[in-house]
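Structures are listed in the sections that come next.
Below are two complexes that have chain A in common, paired first with chain B and then with chain C.
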Partner chain A sequence: MTDYNFAYLDEQTKRMIRRAILKGLAIPGYQVPFASREMPMPYGWGTGGVQVSAATLTPDDTFKVIDQGADDTTNAVSIRQFFEKTADVETTTETSEATVIQTRHRIPEEPLSEDQILVYQVPIPEPLRFLEPRETETRKMHALEEYGLMHVKLYEDISRHGHIATAYAYPVKVEGRYVMDPSPIPKFDNPKMEMAAIQLFGAGREQRIYALPPYTKVVSLDFEDHPFDPSKAPHPCGLCGAEHSYLDEVITDDQGGRMFVCSDTDYCEKRRAAGHVGTLTQEAAA
Partner chain B sequence: MQTNALEGGFAQPAQQSALAFRAIMDVLARPGQIKDLSGAIPPLPLSIAAGTALLTLCDTDTGVYLAGDADCAAVREWIAFHIGAPLVGPSHADFAVGTWAALVPISAYPIGTAEYPDRSTTLIVETDALEAAGSKGATLTGPGIQQTAQMHLPEVAVFQHNHALFPLGLDFFFTSGSRIAALPRSTEVR
Partner chain C sequence: MYVAVKGGERAIENAHAWLAEERRGDVAIAELSVEQIKSQLTIAVNRVMAEGSLYDPDLAALAMKQSRGDLIEAIFLIRAYRTTLPRFGNTRPIETSEMECERRISATYKDLPGGQVLGPTFDYTHRLLDFKLAAEGAPTSAPERKASGDLVPHVAEFLNQEGLIEEAPRDDTTPPDLTREPLELPAERALRLQALARADEGFTLGMAYSTQRGYGRTHAFVGELRIGQVAVEMDIPELGFAIEVGEITVTECETVNQFKGSKSEPPQFTRGYGLVFGQSERKSISMSLVDRALRWEELGEDNVGAPAQDAEFVLYHGDNIQATGFLEHIKLPHYVDFQSELELVRKMRREAGADQMPEAAE
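And now, the complex of A and B:
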């Protein structure tokens, strides 16, 4: 299959996306409008991330795609195959081998290096959207740095639930200026956003691109008496025994049986290959 | 350097512009870092890095301002053929290219608006030499820099003022031969 332009998109589209990425990097946390294109997959399936990846990939890259941490789910497999076909890039499931990682809703457990780029798929880029539906108003709020509404929302969480109940897409403030939606990653991943890799965010349907250069200050919003808590399920991974990874709860039968396993499949597999065992693997062996 | 306006573009536009963009993105995301940027061979006085950056980022949608010596027939023809960008004055420029002396005063360029800070000019500053600054250059801090970085700048106060406008302001690339470095508005300069 050589009938596609390299990485699917035409060159003028890529230039437009590349200019938006550069503006995003120059103004960390600011959502740059861009002319999102129709992609050969529906909106909501990562078209923003795919367009950013297409504008970023070079023939020398090794590409990894994860969906909620997993390399082998439908979304991850189809996007990986899309770029194998149209950009002829190497693909991998190993976090450390990849130079560009496209992700839906997770940050890999393994710390990323300076040579890597993390591309997020973003459904709703505007953190204020559910508080204020009008784009003209949210744009003004960002311009005026008027983020009181967000703090009111978090405060109402506390008054209703006793703690901040937002567990994913937890709002962050970037370099003390823009409040940004970190995409629907679990708040467990928020502290990892101050990383060595470049982070790019693409929202296809909403036509926004934003970015974080390496080591950008990213602070999760909180209160002095209710500090940010990157919580996770209080269990070790059932398969690899990891104590500090983000876990998926998997229902195993209709008797209330359940297991907790690492959401990052590559991390879990590597640990098991290195000889770590969890309680479930011990039971199966016995 | 070539004199024929039809030459000097990318031989493989998709692959070469992808590689060029990655170099451009890397330096902008890590202010002070210098990278090689080549692929295009623009007419003098444009450097290879500046020509490659224009070829990678500009097209019919972006106004380009040619400052000083860069505004010559050879460069105009080369841009017309390879890029197709409209040539505009500084107040309407998405990109501006030239030496620092030709580009100033930087108050001539749009810095964006409070609601759309991205509607600003990116300046490509041609310099004589682009070398790692060691401890002699200006000290940079901010996004993309773990502790501090060093960089030679034509002057300091202008970039301090530009940073003070954040999130408005201008973004700068510095080019020399086939090397490029960057200083976005987010970087604090001391």
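And now, the complex of A and C:
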């Protein structure tokens, strides 16, 4: 790979992406079109996030990649290896050590700081897409701040199911202006989006970049009488006993046995190292 | 007891090793060379070049070998390589009227200047398996004749002399490039043609076929289909003139479409256009049908709501690299999303009194 530029993309392309990122930061929640490149991994597998990371990384950065909250899921491994090879940056699995974190579907449990950047991989950047398939229409709707359709959808959910039936990619409103897709994170993670770190969202196939500057106001859409509820599985982590982390459900046998463990592997490991135990670790020790 | 999965890295390495072994196949059988692929699977090589948007038969053949014959995977390899290449400049537009035709047919005239030249076509073969090919056959040769060297005029020009077909004035504005600019709508014709030239052959075929069956019918005749070599020329600033940097084979199709006229246009024939790298007849004919269907607005035709009339639909869904990536990404882990759905469905079932949630095993 010696023939490739630092972080794979050529400097011209990186500059084009950085301009899109800066524009995104200047207009929080607005989807900036950018000339996404073909990357050596498939569209839909994080090419937007990879391009944003490539344009963001410097040789001094420490890079972390998570998928479903874990550093060791196959695609996270693949993307981390890609940047180890093409950018030769330090990599880490520790949330607090990383300066740039690329993520798919989760926000780390540990609060991020002002010197960190969180890069999201986004499959469908348009929050209105499943209400209106046409890009020409949805861009108009954003321009006119015409979000009635979204509220009608949420209202219909409530009238049909008693509550809003969206569990992930739960739409948010940014600084009272743009309705934004937070990428398919569980709604449990939505409140974390008001954070100290810069958040960048890259959608490669759809050729869009959007961003949230630090401490941007991000409100999950709801109604006064049906307030947003960032629920999760009503269990503690079986390994570290955490009560307030997002959990994966793991099937343990074919008899309906299951256990719940932190989806954020670094968070769980750190807690266990600090002596926290869950019901399963207690059992194993006994 | 569940142990956190820590095998991602090794699993990937092993999968790659297995893939390499499978690609090579039975080692008792001679390895396929890139040269063999290039010279004997040319139609597939052409498709990889066309949809990969890179005219390089050697690289296309290499990509096919590497992808075990999965053409979309090969196209992907070419695209990913292409995007890293520096751009020295732009060539002049190729002149298909100066093409050295290997094949040139018209379905609208029985005979015409330049003649009907069948060339190496499957068209009139009987589709019977040739078991002789399973054995090693002696090389075959075709009878030869000296090329006349005369230019072969475009069929549409004959109609144009009578004013029966819409004008297609020369336009030297630099066309947009969707590999360098994000696709934005409405897309002008040049951009649509670029997207179609790179689009998946199967998708384009399906779209074109749908217009023939009535979904946005445009009554197309193949005015002309020509395949052959054209020179690629580039202006060299230091020299002050253009030099030929190479030759490429392209397939060009121009359809002649019935048109009853509209408020803005008189009754006349209209054109659909297809141009594809290599010998790619099916693709170029499909492309010209879809191109014509997409022109409903400029010609003042009705939008009957047919998929092939819908530029946004066609342009956003024709790229097989985008499509296959997104389609196949659902193989990636989604347990976080699935978990949140699981909780939601359980909650909704509880509220509906549908079932009793089984307790987690502890």
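Everything below uses one rule, namely that the second predicted complex is superposed on the first by the 285 of 286 C-alpha atoms of A that agree within 3 Å, B and C clash if a C-alpha of one lies under 4 Å from a C-alpha of the other, contacts with A are read in each partner's own complex, and residues count from 1 in each chain.
Criterion: contacts are C-beta pairs under 8 Å (C-beta built on N, C-alpha and C of every residue); 3 or more make two chains touch, one makes a residue touch a chain.
For clarity, every value in this text was computed on a predicted model and none was experimentally measured.
When chain B and chain C are set side by side, the one touching more residues of chain A is C. Of the two partner chains, neither chain B nor chain C is touched by A:Val277. In the superposed model, A:Glu135 makes contact with chain C only, not with chain B.
After overlaying the two complexes on the shared chain, residue contacts for A:His105 are found with chain C alone; chain B is out of touch.
By the touch criterion defined above, A:Ser36 lies against chain C but remains apart from chain B after alignment on the C-alpha atoms of chain A.
Of the two partner chains placed by superposition, only chain B is touched by A:Thr58; chain C is not. On chain A, the surface touched by chain B in one complex and the surface touched by chain C in the other have residues 33 in common. Of all the residues in chain A, the ones that touch chain B in their complex are 5-7, 11-12, 14-16, 18-23, 25-28, 30, 32-33, 55-60, 139-140, 142-144, 175, 177-178, 196, 198, 211-217. Residue ranges of chain A in contact with chain C, taken from their complex: 4, 8, 10, 33-40, 42-45, 47, 67-69, 72-78, 81, 104-106, 123, 134-136, 161-163, 165, 167-169, 184-188, 205, 207-208, 231-233, 235, 238-239, 246-250, 252-253, 255-261, 263, 265, 268, 279-280, 283-284.
Those residues of chain C whose C-beta lies close enough to touch chain A in the complex are 1-2, 4-9, 11-12, 76, 79-80, 82-84, 86, 179-186, 312, 316, 321-322, 324-329, 332-337, 339-344, 347-348, 351, 358, 360-362.
The touching residues of chain B, counted against chain A in their complex, run 13-15, 17-19, 21-22, 24-26, 28-30, 56-62, 94, 113-118, 122, 142-146, 166-167, 171, 184-186.
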